[in-house]
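Per-chain numbering from 1; labels A, B and C assigned in written order.
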Amino acid sequence: MTDIIRLTAAQTAEKIASGELTAVEVTEAHLARIEAVDEKVHAFLHVDREGALKQARAVDAKRAAGEPLGPLAGVPLAMKDIFTTEGVPTTVGSKILEGWIPPYDATVTKRLKAADVVILGKTNMDEFAMGSSTENSAYGPTGNPWDLTRIPGGSGGGSAAALASYQAPLAIGTDTGGSIRQPAAVTATVGVKPTYGGVSRYGMVAFSSSLDQGGPCARTVLDAALLHEVMAGHDPLDSTSVDAPVPPVVEAARNGSVAGLRVGVVQEFGGEGYQAGVVQRFNESVELLRDLGAEIVEISCPSFTYALAAYYLIAPSECSSNLARFDAMRYGLRVGDDGTKSAEEVTALTRDAGFGPEVKRRIMLGTYALSSGYYDAYYGSAQKVRTLITRDFEKAFESVDVIVSPTTPTTAFPIGERADDPMAMYLADLCTIPANLAGNAAMSLPCGLAPEDGLPVGLQIIAPALKDDRLYRVGAAVEAAFVKKWGHPLLEEAPQL
Amino acid sequence: MPGITREEVAHLGKLARLELSAEELDHFAGQLDDIIGAVARVSEVAGEDVPPTSHPLPLTNVMRPDDVRPSLTSEQALSGAPAQEQQRFKVPQILGED
Amino acid sequence: MTVTELLSYEDALESYDPVMGLEVHVELGTRTKMFCGCSTELGADPNSQTCPTCLGLPGALPVVNAIGVESAIKIGLALNCDIAQWCRFARKNYFYPDMPKNFQTSQYDEPIAYNGYLDVQLEDGEVFRVQIERAHMEEDTGKSLHVGGATGRIHGASHSLLDYNRAGIPLIEIVTKPIEGAGARAPEVAKAYVAELRELIKALGVSEARMEQGQMRCDVNLSLRPHGREKFGTRSETKNVNSLRSVERAARFEIQRHAAVLSSGGTILQETRHFHEEDGSTTSGRIKEEAEDYRYFPEPDLVPVAPARDWVEELRAGLPELPRLRRKRLQESWGIADHEMQSVLNAGALDLILATIDEGADAAAARKWWMGELARHANESGAELADVPITPAQVARVAALVSAGDLNDKLARQVIEGVLAGEGDPDQVVDKRGLKVVSDDGALGAAVDEAIASNAAIADKIRGGNLAAAGALIGAVMKLTRGQADAKRVRELVLEKLGVQG
């Protein structure tokens, strides 16, 4: 009998469509897997067993009635706990929203439901998506299925870990500075940050509005594309949503090729701080691309060296404002309301009790950067750096079709190692941040294990804005070549849980 | 180098409505000082002639028609309220004016 | 309440020159809120017109109301402003429980309209030009109900209850440049400016601008400087002055208060002040030790607004006649004096008169009834003229009955009285009360005979050629017929019976 949980999403959908499997069977298999392994992994914050089975039964009924099914009908999915789900708790990994049950669905949630996808539950994350390790979750860390003592990346560590431990074939993440791609890299899964504006942010709890972007997480490039197509597209409820057709990502994923493509290697990505094994696997990936017929072009993006600094001004500034609404007045936690304290005091006490240290740190950093007298030097300058980075990309894309780099400078580090060293933690996003600042599309996919620690290394592909399909065309070609070389998907080398 | 003091952190805490403990003040003062010291370099490259980018994509004029859409019911609106009274959100006494 | 020292107004102006700044917030009359599709209809159940966006729920996003932007541009154009080629919304960050996101979505250094002026006419006809700094778009806050205190005020309340139905309703904030050179007329200028702005907003059809309903709210900033000095003094900001009369009183009070403080060697604190309708005074609110740090930055959830030039020109071409010019035109066509026109305006009668004319009355009659009988009624009952329970159509009907000779003025007043008393339309009142002019010669003839018989001396005078004395006999006939006689016919009959040529 088929090992249901190891099927790809594309295979699962096909088997459900053909009647070989029912959606309920598939859902139950995944719920059982969650039951079996998630105590160790802690990928989920909330498992919606009833909701998932209900949706699965609806899919089976639809099929029985001969109604048309979506391309991912009946496929289970793990959703980052940052999207609102009507009637299902949404915490954003924070104490301040513990127990909050949204009265509305995010646009992404709506689209998934409309596409007959089965939402298994909500996954763990760094509080308010601030972090690169999922250690900042108020509900405890998630383990990396490759080594449970290591981080699964962040902020979307729960989604990546759910995929890598076969608790779900699909997951949703959000990427503000790398929160989809970095977890994908350290768990040997595939993660895509679509072009900014490609996926609606309505109902996605905001961290940094001008950088946040929801995207697909999967175990294969094709699965990611199928999910991308379902979740993306114009939304009139999000003013920053692009009013244009979704790029042909599925078609691209089915027709992987790099022949004749110009691939840029940015000289500023590399050097100090990059783990030797990461650099080695990246260089091999570049060689592989050359072997597959791509033209490798050395490019320079000098402003990228300022990207991290600009990011750590822009993101905290926006978050300091976005998180002001958590004030104990309308929803969420309320602390200290003993009848003698003022609203002001209750708000301040609640925010101190409800936010973790990283969130407070960023709120204060952002408050500082926006303060009168500092605005020009910090926030203002950071927004100018953003212009320079965008120009670097524009110039680069005059001579190349895509850019490649390591996704992260290192493999998964041990839980606790960088917990109270914010500057060290921030370095994890060194290579992923430029694409967020400029709004480009980017993907991470597995490119091998670092020889020194046997942990996964991610290859990042960056495409111009609105050219998301290029990621899939290149990603599918690279993936196919690697699987051929390894004889199996990299994830199969992960230890059994 | 900016140098951020404990007093400044306390002021930021006030602006951001965070009731920080003495311990937190000390801890954050050091960390914020480090971070700000590291990110201050953005001003090195940001010339006068470089326009700032507030939005990654150059969209303009996204507007909706003035048509009424269904609201939440008041029960839904109040469903997450820590306290309510008379179909309104009940909040502790408000000190400030304005 | 502490007693505030005041200098006499005359003494204050002798030593000091007032400088004012007026900030007016206008709630637009759009169907939906500025950034979400919730209805703006008044009077709904608490929190029944809210959604994730205007409640500031996690994840919710704003989308701009196109009519909100269009209204802002219309206001800007009518105020002779430049309209921005490209501008952004900005977040104004501060915590307050009536503001769901704890930032107000507003505009900061890129207002949609800027650098304009509004000419306002003072009571003596002088035209004063008020320079406009900017007009920008923003959103309203929710409403708080303070519970447990003695007066429903915030002080002494044990807790507050919040209704967010108003949160997110579009506001246009209109800010003047410092108003200098008004001297002793500063309070009058302030009132005239707000009045003119309100007329303008109404004429544009973007809001009903009813101040008593909070659809238009005014903050009066005022400072004094010694005559001859260029530098502005420290200003006070009197918040929420919500009637035309209050605007004038608040400015006047602050001039007198500032002058008292300054002339006794004191310094003015930069503070907000509260206005009290009861006695026209202001009291200290929040002292601004340091400038408020709102940490403005461009709203990342909304994209820039770049009004196309041809759209702006289209809106400009569609602007209605400006109220001041319209008034001038009407005054000329009615042929009335400045002071008469001014009293029409002061009484809030202009639109009512025009509506009555639209219903077929002639201008003089419409003016006469609204400015006479009805204005008196409003005055006595303490109501706004517009709220007096009679419609322009009913007034026009009364006027028509008079001009057809079915009613005389005295009867017409009784008809109006009946309408106001809820007895129905003019014709119904005429029927029910039996108010018809008596012009039947038989009935009138008897009354005339009786009047002549009992006023023999007067009758002799008339016979002797003193026609002016006829009035007394006519009066006597009117008395006998309880006012229902047709005065013109009575006069004819009197002269006829006395054998005199009229």
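As a convention for this text, contacts are C-beta pairs under 8 Å (C-beta built on N, C-alpha and C of every residue); 3 or more make two chains touch, one makes a residue touch a chain.
These numbers were taken from a predicted model, which means no experiment stands behind them.
**Q** Quick check of your reading of the touch definition: is the inter-chain graph here a line, ring, star, complete or other?
**A** If you draw each chain as a dot and join those that touch, every dot ends up joined to every other.
**Q** For the chain pairs A-C and A-B, which is connected through the larger number of C-beta pairs in contact?
**A** A-B
**Q** Using CA atom means as chain centres, which chain is nearest the centre of all the protein shown?
**A** Minimum centroid-to-centroid distance belongs to B.
**Q** Distance between chain B and chain C based on Cα centroids, please, to the nearest Å.
**A** Computed from C-alpha means, the inter-chain centre distance equals 39 Å.
**Q** Need the CA-centroid distance for the pair chain A / chain B, whole Å please.
**A** Between these chains, centre-to-centre, one finds 23 Å.
**Q** Distance between chain A and chain C based on Cα centroids, please, to the nearest Å.
**A** 57
**Q** Would you pick out the residues of chain A that each touch at least 2 other chains?
**A** 100, 102-104, 210, 236, 239-240, 320, 324, 327, 329-331, 339, 343-344, 347, 367, 371
**Q** Which parts of chain B, given as residue numbers and ranges, touch two or more other chains?
**A** Only 15, 17, 54-55, 59, 62, 64, 72, 77, 80, 89, 91-94, 96 qualify.
**Q** Tell me, which residues of chain C touch at least two other chains?
**A** As it turns out, chain C has residues touching two or more other chains at 52, 55, 57, 63-64, 95, 97, 158, 160, 162, 293, 295, 297, 300, 302-303.
**Q** Show me the residue ranges of chain B that touch chain C in the complex, using the header's touch definition.
**A** Residues 15, 17, 54-55, 59-74, 77-78, 80, 85-94, 96-98.
**Q** Using the touch definition from the top, list the residues of chain A that touch chain B in their complex.
**A** Checking each residue of chain A against chain B gives 100-104, 195-197, 210-211, 236, 239-240, 242, 303, 306, 308-310, 312-313, 320, 324, 327-334, 337, 339, 341-349, 351-352, 355, 357, 360-361, 363-365, 367-368, 371, 377-378, 380-388, 390, 422-423, 437-439, 465.
**Q** For the complex, give me every residue of chain A touching chain C.
**A** Touching chain C: residues 82-84, 90, 92, 97, 100, 102-104, 106, 201-206, 208-210, 236-240, 317-318, 320-321, 324-327, 329-331, 339, 343-344, 347, 367, 370-372, 375, 379 of chain A.
**Q** Note which residues of chain C are touching chain B in the complex, please.
**A** Result: residues 30-32, 36-39, 45-52, 55, 57, 63-69, 86, 88, 95-97, 144-148, 154, 157-164, 239, 272, 274, 285-286, 293, 295, 297-298, 300, 302-308 of chain C touch chain B.
**Q** Of all residues in chain B, which touch chain A in the complex?
**A** Interface residues on the chain B side: 4, 8-9, 12-13, 15-21, 24, 27-28, 31-32, 34-36, 38-47, 50-57, 59, 62, 64, 72, 76-77, 79-83, 89, 91-96.
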